[in-house]
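Below are structures written as structure tokens.
In what follows, chain A forms one complex with chain B and a second complex with chain C.
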Partner chain A sequence: MAGFLKVLFRNLLQGPSTDPFPLVPETFTPDRLRGKVVINQDLCMGCGICSYVCVAGAINIEKREDGHTITVWHNSCCRCAACRQYCPMHAISLEPNWHSAHAEADKYKVIEQKTIAYEPCSVCGKMIRPVPEATLKKLYVHNDDVDLNHVRSLCPSCRQLEDARRSAGLPPAAEKKAVE
Partner chain B sequence: MAFDDLLKKNSVRSPWLFRINAGSCNGCDVELATTALIPRYDVERLGCRYCGSPRHADIVLITGPLTTRIRDQVLRVWNEIPEPKVTVAVGICPISGGVFREGYSIDGPIDKYIPVDVNVPGCPPRPQAILEAVALGLKIWKQKLGLEA
Partner chain C sequence: MSISTYTMPLGPVHVALEEPVYFHLTVEGENIKNVELTSGHVHRGMERMAMQRTLVKNVTLTERVCSLCSNSHSFTYSMVVENALNLEIPERAKYLRVLAEEIKRIASHLFNLAIQVHIAGFKSFFMHVMEVREIMQDIKETVYGNRMNLAANCIGGVKCDVTDELLEYILKQMDVIEPQLEEIKDIFTNNHIILTRTNGLGILPPEDALALGVCGPTARGSGIVRDVRRDTPYAAYPDLEFDVITEPGCCVHSRAMVRVRELFESVKLIRQCCNKMPKGPVFNHMGKIPYNEAFAHTEAPRGEVAYYIRTNGTDKPARLKWRVPSYMNWKALGVMMRGCQIAEVALVLNSVDPCVSCTER
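Entry: the complex of A and B
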């Protein structure tokens, strides 16, 4: 007898359990919900591991001489977060944005697209994607005498030479070029 | 004519939903059942309810990537739904083929055969996202009836 009265009073106090969502704009969203993919263009190196592991083939990377464009089509993305798992730069994340309903006219417009511009190597002039500063700081954490801005502007092979020169005690290559 | 308008005006308060499973993995169908059966998401607040016959339906929700085996049946059932109807593609499979795209048994995406009005991607979409899609479909249905610009 008292048991059901307790339930009755509790339900009266709590109110309806229906989420008033479509009638009011806000609703609850878990913090770690896997929603739309977001690309951090400061970190993306265009290595292509995301499009390789993408189950649904939603990611496309278009490489050009002066940069690369990475595109995620939300209408093909299955929110498995394999790209986030395998991205070596942690450039991909999934924000908890689940608002995905759209009209047919916008079908090919729901994309996440970022274009990353390349810069010429300061020694050989080859177009390269400069390494993000945060990554360089990690890479050269034990070499605090290195000028990171100079290293950042070098292509991988020139950087290798530069590192070899430094270990041999020779002057940096860029200075040599300035003399020529 | 006045009676016809009255009917139209009242019918928008109760759009009936019909589900077509075009070879879905059942994930989206579970979410569709969730939106209707669980009091938390209760799609019946919008006046919707699932009906058993395509001839009674106004908004049709299609799940699945349209397999070759079920294509003709899906088109037959879809053609039985009276005009004006709103087609909602639920999940990434009917929209783009999703993870099954370019498979040997897949004939999708569904807009190759059926004019889709609303897309709601997700694998599966959240019940709230489906509610949003139904609300959007309702708006499009009103436009098709000529009640809203």
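Entry: the complex of A and C
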């Protein structure tokens, strides 16, 4: 019994180990806490792998002619971080924000929603999601001669033609158009 | 049935843990003559749910079968899918999986020990053990981002890479928790209240344990050397040093002592994982899904968890079946409880560390 009395007195002297939240502004929140999902709209390409791996069905991607809207319902999300794991663009992250209390009336408004606008291809005019600059820099890291801003404005098939032209030593398509 | 015996219902709510299990006890006075068990209160049809979801989604689903051994389920499920897909996982992922598993094992064992003393009426010690467990909970929250569902595993490796700073942090916390575990071990070995309530109670003789196929600390508490980590090593266990703990007492106290001593083995394993952690990738991508079937089993905190999968070339499994340790272990309750008193039912039940939501899934 003496063994436990020692523990008991030590614990008494230490005082409570719980934080009196919400009387204190913040409690133990590590940086890697899996809280609310955040989408980086500069990186999201709308490929939909996040909604494919989401077991909770919390992610929806609505594609339109002029862009796509990605929505995450925080109330459905189970914070398993599968979307973060499988997102090829690393556009999804989980911030250490665990505050999820909200009024009943707001239950459909507790969402993370980002709309990504498409731009027309500078050659054929088809609406495309321009590739993020950081990704282009990675893709063309060995091609210093390529004008990234020009490549960024091309749709995939025009970009393919462009690459073929460059390999054959022909002038870029947009310039050719201007000459005509 | 003589005139002095009668049947007494016990449960289904809060027999030992906050999980429903319903006992029909045939009692003679205070003494239990026979035990029958009804379960199925928390059946959620999870095997069927798994067949309607894709392989990737099921990692998250299986993690939610149960809270205390959540990591063991996603771990074994990932292993079984990797076996079916012939997918090799990186060396670092193997160590990270063992690390997460052992962190969960310490938290699970401490929880069971806390509940054990809580039922024995030793509330202040219950609070203390739960307080020590908070160290493990803080590790889980800091390293993995959640106190229960670690989301550590994924098919082909792990989702959560642990940085060198966090490995340092885990090692530091191990130095903090170890003396406290020594203290808990000392109290469990010598404390009068615990010894009088648990020593010699709920005897499960080794021959009955073998016949009933019990596993985990329940079997090891009856002196049976049975541990999947040693018998069929998986992940990084073949490279790591640890002892399989057994106790000869066959009673509630010896099962608790197995858990207490296993805490130190887990601490040893966590230290080895942190020190030996290889560098490299943590995740391999899935390939084509073949027609195949596979099996995998691991040692969860309660015993052997086994998974079977049949794939049919689509991204959804044709069949997913799992067997959990509590299914065998609670069959042994009939042997353990015979001759016990009604007041001891909760203690004996808790000594097998029943996981009702795992078993009924």
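Definition applied: the second predicted complex is superposed on the first by the 165 of 180 C-alpha atoms of A that agree within 3 Å, B and C clash if a C-alpha of one lies under 4 Å from a C-alpha of the other, contacts with A are read in each partner's own complex, and residues count from 1 in each chain.
The rule we apply is simple: a contact is a pair of C-beta atoms (placed from the backbone, for glycine too) under 8 Å apart; a residue touches a chain by one contact, two chains touch by 3 or more.
Just so it is clear, the structure is predicted and the values come from calculations on it, not from any experiment.
Novice: Give one of first, second, both or neither to describe whether A:R166 is in contact with chain B, with chain C, with both, or with none.
Specialist: So A:R166 meets neither chain B nor chain C here.
Novice: With the two structures laid over each other on chain A, which partner does A:V7 touch: chain B (first), chain C (second), both, or neither?
Specialist: second
Novice: Which partner chains sit in contact with A:K107 here, chain B, chain C, both or neither? Use first/second/both/neither.
Specialist: first
Novice: Between chain B (first) and chain C (second), which does A:H99 come into contact with in this model arrangement: first, second, both, or neither?
Specialist: A:H99: touches chain B, not chain C.
Novice: Give one of first, second, both or neither to describe whether A:R32 is in contact with chain B, with chain C, with both, or with none.
Specialist: A:R32 sits against chain C, while chain B stays out of touch.
Novice: Taking the superposition as given, does A:C78 touch the first partner, chain B, the second, chain C, both, or neither?
Specialist: In the superposed model, A:C78 contacts both chain B and chain C.
Novice: Touch test for A:H150: chain B only (first), chain C only (second), both, or neither?
Specialist: Neither partner.
Novice: Answer with first, second, both or neither: which of chain B and chain C does A:V55 touch in the superposed model?
Specialist: Both partners, chain B and chain C.
Novice: Classify the contacts of A:S17 with the two partner chains as first (chain B alone), second (chain C alone), both, or neither.
Specialist: both
Novice: Which residues form the common part of the chain A surface touched by chain B and by chain C?
Specialist: Residues common to the chain A contacts of chain C and of chain B are 17, 33, 55-56, 78-80, listed in rising order.
Novice: If you look only at chain A, which of its residues touch chain C in the complex?
Specialist: Listed in rising order, the residues of chain A that touch chain C are 1, 3-4, 7-8, 11, 17, 28, 30, 32-34, 52-56, 78-82, 84-86, 94, 96.
Novice: Sort out for me which residues of chain C touch chain A in the complex.
Specialist: So the residues of chain C in touch with chain A come to 53-54, 56-61, 63-64, 124-125, 127-128, 131, 134, 138, 141-146, 149, 151, 154, 159-160, 183, 186-187, 190-193, 283.
Novice: In the complex, go through chain B and note every residue touching chain A.
Specialist: Its residues touching chain A are 39-42, 45-46, 92, 95-99, 101, 111, 115-123, 125-126, 128-136, 140.
Novice: Which chain A residues qualify as touching chain B in the complex?
Specialist: 16-19, 21-23, 27, 33, 55-57, 73-80, 98-104, 106-107, 110
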